[in-house]
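Just below sit the structures, each encoded as structure tokens.
There are two complexes below, and they share chain A, which is joined by chain B in the first and by chain C in the second.
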Partner chain A sequence: MTKNTYIQIKVAKDFGVYPGARYRTDGPFSGQEFYEDILKPKFQKAWTDSQKIVFIDLDGTFGYASSFISEIFIRLVKDFEDKKAIIKKLEFKSEDEPLLKKSIIQIINEA
Partner chain B sequence: MDFITNRIKYLYILLLLILGLVCGLFISDIPYLTFKRELSLGEIANFTLTLFIAIYIPFFLNKKINNKRIEKDILIQACDKINNELSELQKLIEPFYVSQKAITKDLSTIILLRTRRISNMLDRLINNTTQYKNNKAVKDITDTLVKNQTSYWSDLTLNVKDRRSKITQEVYLRTENNFKEYEGNISKLIMHINGA
Partner chain C sequence: MKYISSERKRYLITYSTRKHRHELQRKEIRKQLKYKNLLKKIQARKVGKFISDTNSVKHETCLAPSIFSFTQDPDTAISYFQKSRKALDGNLPVFFDLTQVTYMGPETLTYLCAFVKEDKIIKNNVVKGNVPNDPIIKQMFKKSGFYDLMSSGFSSNNESKDVDNKLIYKKTQERVESTLAGDVCKSAMEHTFGTSDPKHQRFYRILIECMGNTWNHANYADRSETYSWWLLAYKEPSTKITKFCFLDLGIGIFGSLEYKYKEHKLNELLKWFKPNKNKETLGKIFKGQRRTSTKELAGRGQGLNYIYSLVKKDKTIKNFTLISNDIIARIGYNADDKIDKIKNGFIGTLYYWEIIPNHD
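On to the complex of A and B.
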């Protein structure tokens, strides 16, 4: 059996502790910025390598606006289409708010 | 403290036993009362059953009932706390809806932290209802509550981080509807926990 390798993203460290709104035009630290500059390039690598999984650590921020989260994961579904495969390629750490993981999965499924 | 309580309990039992013996001796001297020297199996069974009930009800059954009541009360208190927190959050945004003032960075952060707090209170509540996992009604309501939480968070925080964002009538009404639905399902959960 082969072991999965993780591509890690820690939002608070790699991006910022005050995640912002939906679009870059709404201000800094937007969902669009996070998706285009951080998540998409890393997810692309994981998408083409069956052993790689993107691990997103959501802890350590001052909370997430739904616009930020929905922009990221709706764009992910738009670009990579296969919802089930996307969910399989993602893992989350959210000890600050455990139910956020369920909300993200719901957003992906409803996108 | 437990040691003293136990001592008092045993002392009480001993006292009752002595009282019973004294009563027995006293009654045996009364000439109008006579005692049969033989006992039937039915009488022994009757006596054993009475003794069992007399010990089981106060010492075990009452304790079991009390413990279950305490567990239920703790869960109901947790439900009430979520309802209070939801009400407080609604009260916080109401002045911004009425005045149509722009949401400040501090207020948007407070809204995010408070929705997160409600989410975590709900998560803890769901984790504490695992003893009702076979109760379909409780399971259905907790699943709905997770959806209520996502909708509430989704509608309330949709624009809070936008530039010069306001609590518009649309956002306020959607949030108010989510709040009512959320609160209603919390009340349903209280009723099911109470009746379980």
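On to the complex of A and C.
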């Protein structure tokens, strides 16, 4: 059995500690910006390689607005469609806000 | 007699007509400019006279109530500003007499600031005022940076204008300014909790949701309109409490919902929204009962529900109050929700909350 390799994203370090709202037009550090500039290119790599998983470390920021989180994962579902496969390709660390992982899974399932 | 060809004749007629029209236009522009300049001069004279010798100009004096607070007595505060607005609409200068105020919350100070700086309200008029005699409120005026925002039209009652801390922020493009929100939160955390470690707070998320709501709803009826949002994070000098106020003077939460309802653009709204039942509507929004099942709207309209859940979970957030249109809502950790109707309609949306140290 082959071991999974992780593509890491640490939001606080790779994106910023002050996440904003939904669209780029809303202001800086939006969910759209995070998705298009950070998550999508990395997720694309993981999507084509069965051994790769995207690991998102959500800790260390000032917190996430509902619109920021929903925009990212609704876009992810729109682009990659297979919800079950998307959930399998993602792993999270969220010690600052333990319920966040559950909300993300819910957003993906409802998208 | 000189012969003029018909072509030349046509040219001369066209040219002279054009020249005549051009002259008329120039004359009209000159007339308009002269009129505008005259109006400006009259206005400037009126402003100058009102500032230097208030009583010599016909004006409206608005005497503020002793308890001047949107959170404690919203109806009185709203009717105070309605009276001022009526005078301004009638082209009368207004004098804000605050001397008799014994209690004034930072939310009322923020509203006063927004009110006198809003061109749509003040129009071409002039306002002047004084500050309360109460030393604690005077200190709040000084520390908040209120005087920095005012022009000479608002006398400082001989208070020093040397304000070291800027605490009132105004943004005119209604954008979500996450860096500003983060910096404000950091500074509030240092004052209240003695640390700037982000995991000790939930109010950054509340601020972003407030900014997002303004961006999405304040000018829903007319996208060409721009509304400013105002933010005050007042670090009470005598305690460790930080008092937040976030305000916009837009059409309000229910105002924007009503437009959406009338437009029938968001059919999903029709299922739960009942016009003129704002109290019930807000209850549903808070509890997340308006979650949508349509895919195009997935993840939308959850801001207030999210704010509600953050406030209910956090014992360091106290006295959370939301005022919009004809509704005031008070929610808190381990406390019953209070959603009430207010007599006088509030223009815009106001969020107020306090951060207290966690003694656990």
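One rule holds for everything that comes next: the second predicted complex is superposed on the first by the 111 of 111 C-alpha atoms of A that agree within 3 Å, B and C clash if a C-alpha of one lies under 4 Å from a C-alpha of the other, contacts with A are read in each partner's own complex, and residues count from 1 in each chain.
The working rule: contacts are C-beta pairs under 8 Å (C-beta built on N, C-alpha and C of every residue); 3 or more make two chains touch, one makes a residue touch a chain.
These figures come from a predicted structure and were not determined experimentally.
Asker: For the three-chain model obtained by superposing on chain A, do chain B and chain C clash or fit?
Answerer: On the shared chain A, the partners clash.
Asker: Of the partners chain B and chain C, which touch A:22 in the superposed model: first, second, both, neither?
Answerer: Both partners, chain B and chain C.
Asker: Under the stated touch criterion, which partner chain does A:53 make contact with: chain B (first), chain C (second), both, or neither?
Answerer: neither
Asker: Contacts for A:74 in the overlay, against chain B (first) and chain C (second): which applies, first, second, both or neither?
Answerer: second
Asker: Mind telling me which of the two, chain B or chain C, contacts the most residues of chain A?
Answerer: C
Asker: Output check: A:64 vs chain B and chain C. Expected answer is one of first, second, both, neither. What do you get?
Answerer: In the superposition, A:64 contacts both chain B and chain C.
Asker: In the overlaid three-chain picture, which partner chain does A:111 touch, first (chain B) or second (chain C), both, or neither?
Answerer: A:111: touches chain C, not chain B.
Asker: Identify the partner contact of A:96: answer first if only chain B is touched, second if only chain C is, both if each is, neither if none is.
Answerer: Touch status of A:96: both partners.
Asker: If you lay the two complexes on top of each other, which residues of chain A touch chain B in one and chain C in the other?
Answerer: Residues 18-22, 26-27, 62-68, 70, 96, which sit in both footprints.
Asker: Per the contact definition, I'd like the list of chain A residues that touch chain C in the complex.
Answerer: It comes out as residues 16-22, 26-30, 59-68, 70-71, 74, 96, 107, 110-111.
Asker: Please give the residue numbers of chain C that touch chain A in the complex, ascending.
Answerer: Answer in residue numbers: 175-179, 181-182, 185, 198-199, 201-202, 204-205, 208-209, 211-212, 215, 295, 298-300, 302-303, 305-306.
Asker: So in the complex, the part of chain A that touches chain B is made up of which residues?
Answerer: 18-22, 26-27, 62-68, 70, 96-100, 102-103, 106
Asker: In their shared complex, at which residues does chain B touch chain A?
Answerer: Interface residues on chain B, with respect to chain A: 108-109, 112-113, 115-116, 119-120, 122-123, 146-147, 149-150, 153-163, 165.
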